[in-house]
């Protein structure tokens, strides 16, 4: 007899006019790994939040192990044995790693005080499990790299020793080897009866780990099926509701006389950027690769003026380029613009309108006699919305009402409106579905073809190889290799990222044991 | 830019109406154009100062140097006018005061934007320095403190014997501010920085320029306030700005501006100024003892905020 | 025993004892003045009066060291400042109490250390130190009496009298208001009170509002900050009525120039100099009452003339009560305003 | 690191103060200085907790006034009466804090303006209880609380060290305390993680009320009386003190040492003036300059950070 870990009946949820979920009914068997797929804005995160009890559905009921769930905060679901790893990181940066690990339920001593010694011991155990054994439990969570944060978030989920674990894009910033480790942990725990709900936009992961899949589209449950009963293409079609063809746009070879736009020589900054030299040409997409936290972010922020240069020089179109800050970087005739890594805290003013967000960088240029030219503003932002196919109710709606992919397009529109000479794109497709990704890739290629230089940072190797003309791999703040043409392949990128010279030590993900 | 009137503005508006009616019933003598104009004139002083406070609050900062900026500017305008110097006349005396206000705004901006000191403490320190300077100036130079005829006219004059000139000044200051906030890039940047200075910075907003403008404007408004206050009293005197700090900040907030920045409309500030001016008028007419006055003043502010907050939350 | 210089150092009342908390000693002396808040005109002139007084040759010879500090409105800081001067062995520490109840323990400690404490203006009710006091109640009462006398003289028998009170929560303020109202008890005049906080701007606003709400007053008095009230009356075109004013230059001048009657009376900032004189005298072994009552300098409207009651060439904030003639302690305006 | 800076400011200023003091270091000078800083240190501690949650408490002065007025009514008589009086005073402080917390959490008022308004109410209540200065605080008890042990250890300092240490130990070992930091650091994240930060925010304001009551009470010991206007300087000075002590007003991180060092440093700044012979009318100017310099020094680390982004959180 099978036990239903989760039973959803007729779940519906609207945010104002947006129907995020409608009439979703789903049973999930205990001890299975169940993937939920869907484009951006399909309603996956909303479903997770309802399961967790953070969000109350407008209609319908949730039962966990045949017990009805109260939706008045995460505590009720937690009592029933449910733990969640949220899409938005839920770490408290100023608290220590161990405090974060046991944030809601620390081990207690007799009188109800937190038992600090036991907390230390137990946190060591969980950190070891997820591969954070070399992180001291007393470090502030804010000092971890993004990868480490995500791993800590996962450890936090397991530390609750749950019966049901929800993973909402928990691998979005994890490199391959950490994903492998996570899958192994999940496989082990599953054997002991853990039920897992797994959300990811990476199809390969889902194929490796999930027993069954459910596809959401526009808030509706389209189908639930055993993972391997459908082909990759079939699933993609189901997700998008249309045909998805080639993911990466074709590359044209650069003319040999394409002029250098941005040239960097001997650049050092903070202690993360060491003696970096490279040049990027007109029409080129230059990838910046490597494992997370190897100084890529700092390098790009330095070019943008957000970090002070310690040594070295940068030229733009052959002229010295030393911006005192982003304002200076975007001010010139040939602006350099950066798309920040974290769209929620660095990119968007979530409560402000879509139009105002788009126009934030361009305001100075769209004004006459010091006054804003409202007509031009409406026209230019309207153009962009059409051009990028941004799905919105109205340009005056707050940007927070958009799904992740559309939010990212709003940010891209902000850059496009300024027509920069150099685009610095930091992980522009993080947490974005296949369909939208494809649109963004095409857009980037188009920008390059029309004469821009693009610096493209991503931790996703596939993207790096598929999108870039040339790739610089960073390790410990310095460039370890420059890859181009034939040499630009997964093995070389991986090798350079780990700063290793012996290819045989690299674990090939394909050889890993995959639970079925 | 849909004209959407927030609840807090309605509440303040209703409150103003209710108070006017209560005052009218209790003191029938007050039902006169003259009385309302007098209240508007007093409101104008608070209004000008609140216009300065509002911009800084929209950035999520605060300017506590207002009281002594106003005092110092008032002292300077009066002192310069009667100094007998060749350049000193009605107009140059006021200009000197306004320049002083701008200079103080510059110092505040320097601390907040360049030195990165928290505005709450930096401007407090600047306020203390201004107090010190004024004391030295008054004690050591025994300046004249009589207001010039122009200052008198600006503060207490009436156009056609009805409309206070001070009200027109407030109107002018307010219009400039609304223009800047609604129609210039600077205005959009102010709101953006108030929401998130990190986002604004990364989007290429010239954040230092924005902070500089906000504090220059606040300093200017404080100086105008100081000139008006000394015109009103016929002279500048020590600490004359002190009683104005809380009402002007409270008025902005009661009018719906978030002290954490990024949200707020000038219409709200106008209503807030009127509401608090009338409230303190009622309390003084009631001859309420200070204890009661403080309690009523405080609880009214809480009540108004609660009513406007509660409802807007219920929308979710 | 007969007191020294009784015209000036009059005892507060019949029960006032002789000062015993001091041992006569050889000069020259070290004296400190601990002020509270500094940012107001009266306090600035008070400090200048003390400074100029110790520079007078006959006093300079007796004073080895004179230090003045302003500690703000914080009673803990004022206590600490006084204790520091006591610890440093000063002969006398003069102060205006931030809180008149707070200094009993400090006074005991000072007496043990042999330092004479002198409180003035806002005084401490403690028998073990020297109090240089002015009857604030009497000042308010005299304002009321002057108004009442004027009204009688002009055959007005009823109407509203406006009293602009000071900062509430203060003992002196309470005394002033009670004394003021007492004068009008049993008459058919009604006293209307508003709170002016001893502040020109606030006084002006509340006076203007009171005039708007009550119409005409037959008399007006202000505890301190009279300039504001007078300005409000002028702005409202209120007729010139009997006025009980403080002694600020600007106030007296406005009253005089606009035909007001009444009285200008106040506690002179030069009280600091009297406090110094009293301390010096007690060190020299002179008999002193423990609580001295200074007569508040006052000028009736018949004397409101330029050069006598006000000085048109001086700032409005200058306090025209430049000293106490009973003490032969008068300052010239130059002494108090010189650069 | 920021605490270190606060400690440095404190040590420098104190050294200058003792150097210019004609008596140098004596037990009486230490006692007097420590006692004068005690209520400010308590008020600064009160301010610390709301600031850690990312808020601010502008009613500290009002609560100090109210509890001081109450103390002058209740803290005298038999030992039992004194004990219960102290207890009531502290409870009233905590209650005021709870009201602030409730308005902020349930009423969703912004801390700055909510506490500004309740501060006015508390001051009004204080004036009701004590319309003008007076009342009585038990002299024997007060004497004990303001004295100095073995000629080196002021009782006030000892008391502050003990209550600060106890509170801190409790806070770092209770979920409630963790929530105080979390609320100031990443409230949304903490909520998602199942931490009830609302309770922690209320607790922070209750602690603020409690420590304000300690300050009001201690002022009672110093003055042996009550005064409804005594609190006014403490609101703003408590904020200045913690900033000089190196606590960030952004919240989320910090320690009570900031409050303590900051308060003692601020007091030493004004004490230095006593013996420098500076012209009396120039002193407020000098004091303002030192305050501004100290604030600038406290934020120097941010200016020198090559990562310009760090200044924009």
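The letters A, B, C and D name the chains in turn, as written, and every chain counts its residues from 1.
Everything below uses one rule, namely that contacts are C-beta pairs under 8 Å (C-beta built on N, C-alpha and C of every residue); 3 or more make two chains touch, one makes a residue touch a chain.
Chain labels with UniProt names: A = Sugar ABC transporter ATP-binding protein; B, D = ABC transporter permease.
For clarity, every value in this text was computed on a predicted model and none was experimentally measured.
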{"item": "Mutual neighbours - chains that touch chain A and chain C alike", "value": "B, D"}
{"item": "Chain C and chain D (ABC transporter permease), separation of their C-alpha mean positions in angstrom", "value": "34"}
{"item": "Distance from the mean Cα position of chain D (ABC transporter permease) to that of chain B (ABC transporter permease), given in whole angstrom", "value": "29"}
{"item": "Separation of mean Cα positions, chain B (ABC transporter permease) and chain A [Å, integer]", "value": "45"}
{"item": "Where chain C touches two or more other chains at once, by residue number", "value": "38-39, 44, 47-48, 168-169"}
{"item": "Contacts with 2+ other chains: residues of chain A", "value": "306, 325"}
{"item": "Residues of chain D (ABC transporter permease) touching at least two other chains", "value": "127, 131, 228, 281, 283-284, 308-309"}
{"item": "Chain-chain contacts as defined at top", "value": "A-B, A-D, B-C, B-D, C-D"}
{"item": "Of chain B (ABC transporter permease), residues touching chain A in the complex", "value": "1-2, 183-185, 188-189, 191-192, 195-196, 198-207, 209, 262-263"}
{"item": "Contact set on chain C toward chain B (ABC transporter permease) in their complex", "value": "38-41, 44, 47-48, 168-169, 192-195, 197, 199-202, 204-206, 208-210, 212-215, 227-228, 231, 235, 250, 254, 314-318, 337-339"}
{"item": "Complex contact set, residues of chain A against chain B (ABC transporter permease)", "value": "306, 325-327, 329-331, 337-338, 340, 345-349, 351-352, 356, 359-361, 363-364, 366-367, 370-372, 374, 396, 414"}
{"item": "Touching residues (chain side chain C, partner chain D (ABC transporter permease)) in the complex", "value": "33, 35, 38-39, 44, 47-48, 51, 67-77, 79-81, 83-85, 87-89, 99-105, 167-171, 173-174"}
{"item": "Residue ranges of chain B (ABC transporter permease) in contact with chain C within the complex", "value": "27, 29-30, 32, 34-35, 38, 42, 68, 131, 134-135, 138-146, 156, 229, 232-235, 237-240, 242-243, 281, 284-285, 287, 289-291, 293"}
